[in-house]
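Note that chain A is present in both complexes that follow, paired respectively with chain B and with chain C.
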Partner chain A sequence: MIAKPTIPDLLDRPGSQIGKPVSRVDGRLKVTGGARYAAEFNTPGLAHGYIVSSAIARGRILAIDTAKALALPGVLQIFTHDNRPSLPWFDRKWKDDDAPKGSPFRPLYDATIHHALQPIALVVAESFELARYAARLIHVTYEADEHRTDLRAAKADAFTPGKDKGGFQPPPKPRGDADTALAEAEVSVDLNFSQAVEHHNPMEMHASTVIYHNDGSLTVHDKTQGPINTQTYVCNVFNLSTDAVRVISPFVGGAFGSGLRPQHQLFMAVLAATTLKRSVRVELTRPQMFSFGHRPETLQRVALGARKDGTLTAVIHEAVQETSQNENYVEVVVNWSGQQYRCDNVRLDYKLARLDTHTPLDQRAPGAATGIPALEIAMDELAAKLGMDPLELRLKNYTDVDPNTGKPFSSKELRACFQQGAERFGWHKRSHAPRSMREGRQLVGWGMATGVWDAMQGQAVASARLGIDGTLTVGSATADIGPGTYTAMTQIAADILGLPIDKVSFQLGDTNLPMAPLQGGSWTVSSVGSAVKAVCDRLRDRLAGLAAGLNDGPLKGLKADELIFADGFLIARADPSWRLSITEVMRANDLLVLEDEARSIPYYKSQMQHALGTHSAIFAEVRVDEDLGTVQVTRVVSAVAAGRIINPKTARSQVLGAVVWGIGMALEEESMTDQRLGRFMNHDFGEYHIPVNADVHDIDVIFVEEHDDIVNPLGAKGVGEIGIVGVPAAIANAIYHATGKRLCDLPITLDKILGA
Partner chain B sequence: MSQPTGPAFQGHARKQPAPPPDAMEVSLTINGSRKTLRVAPWTSLLDALRLHLDLTGTKKGCDHGQCGACTVLVDGRRINSCLTLAVMAEGRTVTTIEGLASGDALHPLQEAFVEQDAFQCGYCTPGQICSAAGLLEEGHARTDDDIRELMSGNLCRCGAYPNIVAAIRQVMDAQPAARDGGTP
Partner chain C sequence: MRAFSYGRPDSVDAALRGVAGQPGTTTEAAVKFVAGGTNLLDLMKADVMRPERLLDISRLGLDQIEEIENGGLRLGALARNADTAYDARVQARYPMLSKAILAGASAQLRNMATNGGNLLQRTRCYYFYDTGTPCNKREPGTGCGALTGVNRIHAILGASDRCIAVHPSDMCVALAALDAVVRVSGPKGERTIPFADFHRLPGDTPHIDSNLAADELITAIDLPAEGFADHSTYLKVRDRASYAFALVSVAAALKLDGQTIRSARLALGGVAHKPWRDPAAEAGLAGKPASLETFREAARVLLRDARVQSHNAFKIGLAERAIVRALAEAAGVEHS
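Let's look at the complex of A and B:
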């Protein structure tokens, strides 16, 4: 009973809930410790797994001596490639919804070591402490091969990937002749950039608790951005039917992309549970959080040519990015440079180079967070060379169509972002010369940049159940990794059916619920929110029909669009005194519940005719200590155009958090490889620095008005990614303004500032 | 081609492994209730809370004392429960996030965290709130910069810091005694 909504089904006028700063509906559970995450489902007889990680980056295991560990009382089993059960051979059995082209990593498959920290054994014991202790007693003999983990060395062998991953678009063909235009340009800049590997490091470490039932079925509590993705993987790899595997993950302690693919602790926990016929939990350690996907290191070149009035005449953007030996991880890094500004001569180039590392993995605004800073720092350098206000340079080359495709944007209120952001920041007070805003030994700098991200939508299904008491339960198998999905979906459902928030509950994170795509790419409100709207629209239609059919009722013969739904009532537009409560309508029709399910499908046709995206303008102030090279980001204004904002409170939090991510990317985050060992050496929170409270000061978020009736029925584009894009550039540009030093290697640590 | 041989990543294997330690009895007061547990002495207070007492509100973010997610109050002071063995808490009074509210009435910090949207995923939140409770008790924080500095042992990957400061500020402003008093 899956219905397609009829078009147009646009939300013209929100009711009482959409657009309101509602506090999180799951807030109470989160502040009282009542929210349970993947490693927190306890059950009697639970066994604990501890993973042993490879000490070498490439080679093979000659022997694993597990005798001492196995001899400990309470150690149940040690799984290695030597004693694993039969596993599928075909790559397709190991693929997941976010897998790029290639052959997915298979834990414990054979003796081959592909990357450092590769999981090579699982100890299962009666207690966590015992499993951890036993893991230390395992003795491994390796034969090490030469490894290659240095992107600069591998760059020479870079190749051009194809359309190797869902959502990836290879760069468009060159337009004009960018190289000649650059050579002939009146003013030009040509800069090389690098950006370090970053690890997602959500606060919750990846964990899976697998509850084994007597009939052999499993309940899996997994840290995932998509319960169905987890279920599909488990069923394919372990040859189980979907009936036998239910995934329940109501809370996820952050992910930022790390939960887009099933990680190896899931494999390990299911392997142990199905083999031992016991419930098993496997939780990674913080160092092991550096053993899987990451934001790939990227080397870039951006060259810009312009006339003296600032008109862009040439844009060249080249990027080389790491991938693994087994998969082609790709992301859109350079295409944005052909889209952001009007320019007739553009050449974009994107290549991959293989390293002996785990396959990289989407991390917040994958590609844009990497490529846009290079473009936006180059724009700042160009403005400096032209002697032009960096904001003026951007306005000079502004475009309302996507020059890559010639398509108009469905909406693009970036001008409003510039205007409102600059005004809030006080940009007009900037003295443009570098080092001109000193305060004592503190060099003050103001920088700006723009950001962009896609506005995407996927298919999703939602179910709804309306009780005669006017309570509504809506569900879809999406996740809430922190953006506030529970709250936003509750608001959408309450809004459509005119119910108070506390009468509505939204369920997610359960494979028994209808299909939802992975939570990622800022598309959950767009995809799942549209499904929630669709199913509530259906209930609304049905209620209207039931009310209209009551011959002695006040709403007899009225159509759905002649009614308002508010406060649990159906009310005639013509005369608000003609009304019936939902309870009255259902009772008169002898109904205790009204249930429905609906699928939302993107407006493919109109979407194909437009460019879809969110945009932002970021203004940042830094204070650089001239003697120590330390940087404080003292002020940030982020003005965002992302269509309709469902909940300004939680949306603001997402942008705040993303700005914090931008600060981390600009100044702190860097997974450093020891090239002799081929592994990350700073693999914990003591050495891998993410911003702490003292690093973060005033952040001001503006959502500009933006109307869009093409992106989806809600007109909401999503805000999970846009907040980070461009922030590192705004900070780097502010550092240039403060110090006169153009630094293009992220993160900009104090050694780079003092050494430049 | 080299042939390294050695332990698998962590530490050094002993020639004769020490046997696992025997469980010990530990009595402590947790959230107002007297509890007696039998735990192996290598059990951290964090794991004792999460695994033995099913008090999973206290979170494990690193197990290294580097993130603050496991912050609880021991005799009123904030500590990292991952760096504390359960047996070290003998006779102590432990307050976890589950013990902050009085019945249905949330602690003012819990109210303020919800109101200011001082979290997203919620995983660091119990540690942030317990840490903030300890901070208020210490009475050293006067300015927002003080709060930022004194809360910097609690990482938040969602980046809710501005809202965390606002939530703590809201409670401090409502409790002038906590702001002006306290021991230096």
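Let's look at the complex of A and C:
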């Protein structure tokens, strides 16, 4: 079901595009290979880089012997900390739009090794194969120091961070007295959780192709979630002016947060290109994709107290997460636990512990994806102890205001998610007792959970150019990492100006376009979509004015709101036979093009008075092999309340993909650390398990109707993150229902099921 | 990738001339045969294997599946895994083998991989693949990273303190259970290697996987007439439903007289440096009723010497359950 519009007329006239399941406008390019990704841009004389990674986790490089490699014909240069050019000293020069508090990692800066697989040299050669071969001939001697990569050991030294990263607030002060309330609760649960390290592992590995021009300027093709972020970093680190660096990244093969910060292959490629005055490409290998940011390992405790009728009386959520030695990566994890349910006694605590690792990095629903499963598994345990239906328990403690702040939600149709999701799933047929459903050796279990994510909006600017032939080009320097941004923006623009989809094109991924923020946090439709709407509204008003000014025209004197824009025409509401085509209006005014630019700014005042969030209810069915502990997730229903859905086809794809990842998070994904070497060991797709087709069965996505006039001018909240949040909990809860085993350490691999 | 030379012999004799005089076993050889390349090329790109010369044998023929005099089948060394698994005779007479092959890899890999290559594929131990870590199999004398590291997927049987890696093949587990015979050609003509003697335990020489000499070529794999088609199965337990190596796998085959076991074959994958068979466990099944209790006892016998590492203790219980489940499925015994 698709949300109805909150803006009058947006859907109700013929030819409207918002809310239609439009196929990806870039689909053909993608399936025919016409879409070019960062490592696919070529130029004559392109040189190729290959990165050498550290074998130790902490210490110093004593020597790097590059003689044998350099002696190979075709090897152009080997960059190390010994021969790098001068680089900036101040941390601020190395910061990017997603940098947390601290000192960003500087590749090749000095001999210090901060973490395993750290890049320590770049070989540049005439071919990729030669560069890779030469890299094998480099001999490095190290002096190793003791490292610490074990979060359980480091937990004792955990500290409380401040507001150390944009987008995240420290936990609110405790309300009531949660510990006393827990001790006095009629029913209580107290569980410890762990979440393994996950790496983003997009299909496309990180790559940068830097084209060097004769005047010293650069064109940079980078795998990034924000071209402007890449440009800023390159300009700051290499002391270049913004007009000397243009970033063009029209396509990104998945990123999931890994492209929010410039990664070291960008630094390496620019370093080589500016030094050698040649175009250079550097692409990471799959194992090297485990050498930078990741979803941090997390240890949590959730304790809940309740009255016998299910009324929550205490919520305690404590989390300790890893960060690096050099930066305070925070994703807070616990705050949503104070927001989801009505409860008077709440204590939330969030700490960081430093490990000798690369700084963690936002990964799909950072914080919520880790924290919400802990809360939702604890709620399931509480329901089991109360002998209450898990869905009933959630309804019992439902809240329409955010208890953390006391502010009402701008919209929250979670009840509808519960109702429609439960109905689609057949939840009412669930037998309460664990181990009460089976088919042969397969134990069947049903579990549910809720999900939440913040609905955010940033400032963005969009430009538009309307030709007299009725073709419209809109642009903004955002990215499309896969959600369907090209398509959604095209629909918004086409809708507002009443144009067919094929008359509209949207441009992104280019720093010559107007400013857009990083693509992340599910805020692109909200931020950039609002800018597209703003600039198209402006063109619409101008066209209306031009038409009204035509004294002998049929629309003379009519105001913009007295017109409908459809099929390339301006049409009078009063009488649809009074109409002019866009071409007629522009020709009569001697205009070949109409151009404009607009910035959208969040409704700060009304937004400040509300809590803004997307919500979901997830229902899952599992089959657990009683003998072998293997789990199949046979059915998932995800019901999502995310405001208006611009494109139900691409939005559904987003949620489907997120549910698949949720299956992986619940059952499979784990970067395993060898504590003695301080190194992730299963760094390839053979041994880092993500779901394969055979792991994925029925997934049903429902978008419930949700009106919201506050969240942004489109009333659309975005669905990039919400699809994953809570899925691991629904699966863990289904496993409990199937087996009677309460498992709190993700991923739940079969050894944990057999051992419990 | 290191530079290597490439040759393409047009006959078995020419291929053998290309490796003539090489000492030691094929694992250590500087001149190697390549057919499907599904494992060797990856290992070369990762700088784990560094052959100086590759002889491409993919045009030698040797890709037929033929009847042989003993009533069995001869699987050509260069027949593709997929063609073997879907061969009507293999499916009808050796369903356990067909099932095992199809439990491995992906459709694309099975289309490329050959039967001979399947026997020679190398372990998926993390440390073997990561040249930044110690590994006695990759670089003898550097130590075993897995012993003190991440060893969830490692051996519980037949390992040594030099190496705890496991053999990754599914196909080989079924071939071991079937008592297949490996036919090889070498400088002294043809010889046959019983399947049980083909792969090695790590001992003090974990860098050597098999007893195939460096100057020999696998030409075929012979299956005996007995295929246990009525009572056999292959059960693979892994961390996801497809495209993962076995944590434990079981090839189980029985001859039954009514409900009495006349003879049994039992081979395990994912637990040792080679497909694991235990004559005592198999002998103990003979003459016993086909019951869960019998199967549990067989599992206990087979696993009596199992030794665990820090992360793989679960494999003993899992192997026991998998053995019982596979035998019950092979026997058609209700499992409850």
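As a working rule, the second predicted complex is superposed on the first by the 741 of 756 C-alpha atoms of A that agree within 3 Å, B and C clash if a C-alpha of one lies under 4 Å from a C-alpha of the other, contacts with A are read in each partner's own complex, and residues count from 1 in each chain.
Methods note: contacts are C-beta pairs under 8 Å (C-beta built on N, C-alpha and C of every residue); 3 or more make two chains touch, one makes a residue touch a chain.
Here the structure is a predicted model, which means the values were calculated and not measured.
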Touching partner for A:136 - first (chain B), second (chain C), both, neither: both
Partner chain(s) touched by A:628 [first = chain B, second = chain C, both, neither]: second
Chain B versus chain C as contact partner of A:405, first or second or both or neither: neither
First, second, both or neither for A:74, with chain B first and chain C second: first
Touching partner for A:127 - first (chain B), second (chain C), both, neither: first
Chain B versus chain C as contact partner of A:256, first or second or both or neither: first
Which of chain B and chain C A:751 touches, first, second, both or neither: second
Residue contacts with chain A in the superposition, chain B compared against chain C: B
Partner chain(s) touched by A:32 [first = chain B, second = chain C, both, neither]: first
Touched partner set for A:16, first chain B, second chain C, both or neither: neither
Overlapping contact positions on chain A, where the chain C interface meets the chain B interface: 53-55, 117, 129, 133, 136, 684, 686, 691-694
Touching residues on chain A, where the partner in the complex is chain C: 53-55, 116-117, 129, 132-133, 136, 287, 441, 627-630, 632, 667-668, 672-677, 679, 681-684, 686-687, 689, 691-695, 749-751, 754-755
Of chain B, residues touching chain A in the complex: 1-11, 13-14, 17, 19-20, 40, 42-43, 47, 50-51, 54-64, 66-67, 69, 96-98, 100-101, 106, 110, 113-115, 117, 119-126, 129, 145, 147-149, 151-165
Complex contact set, residues of chain A against chain B: 23-24, 26-37, 39-40, 42, 52-56, 62, 64, 68-69, 71-74, 117, 120-121, 127-130, 133, 135-146, 201-205, 251-256, 283, 285-286, 481-484, 649-650, 652-654, 656-661, 684-686, 690-694, 696-699
Chain A partner contacts - residues on chain C that touch it in the complex: 1-3, 45, 47, 124, 126-127, 129-130, 132-133, 145, 148-150, 152-153, 237-245, 247, 314, 317-318, 321-322, 324-325, 335-336
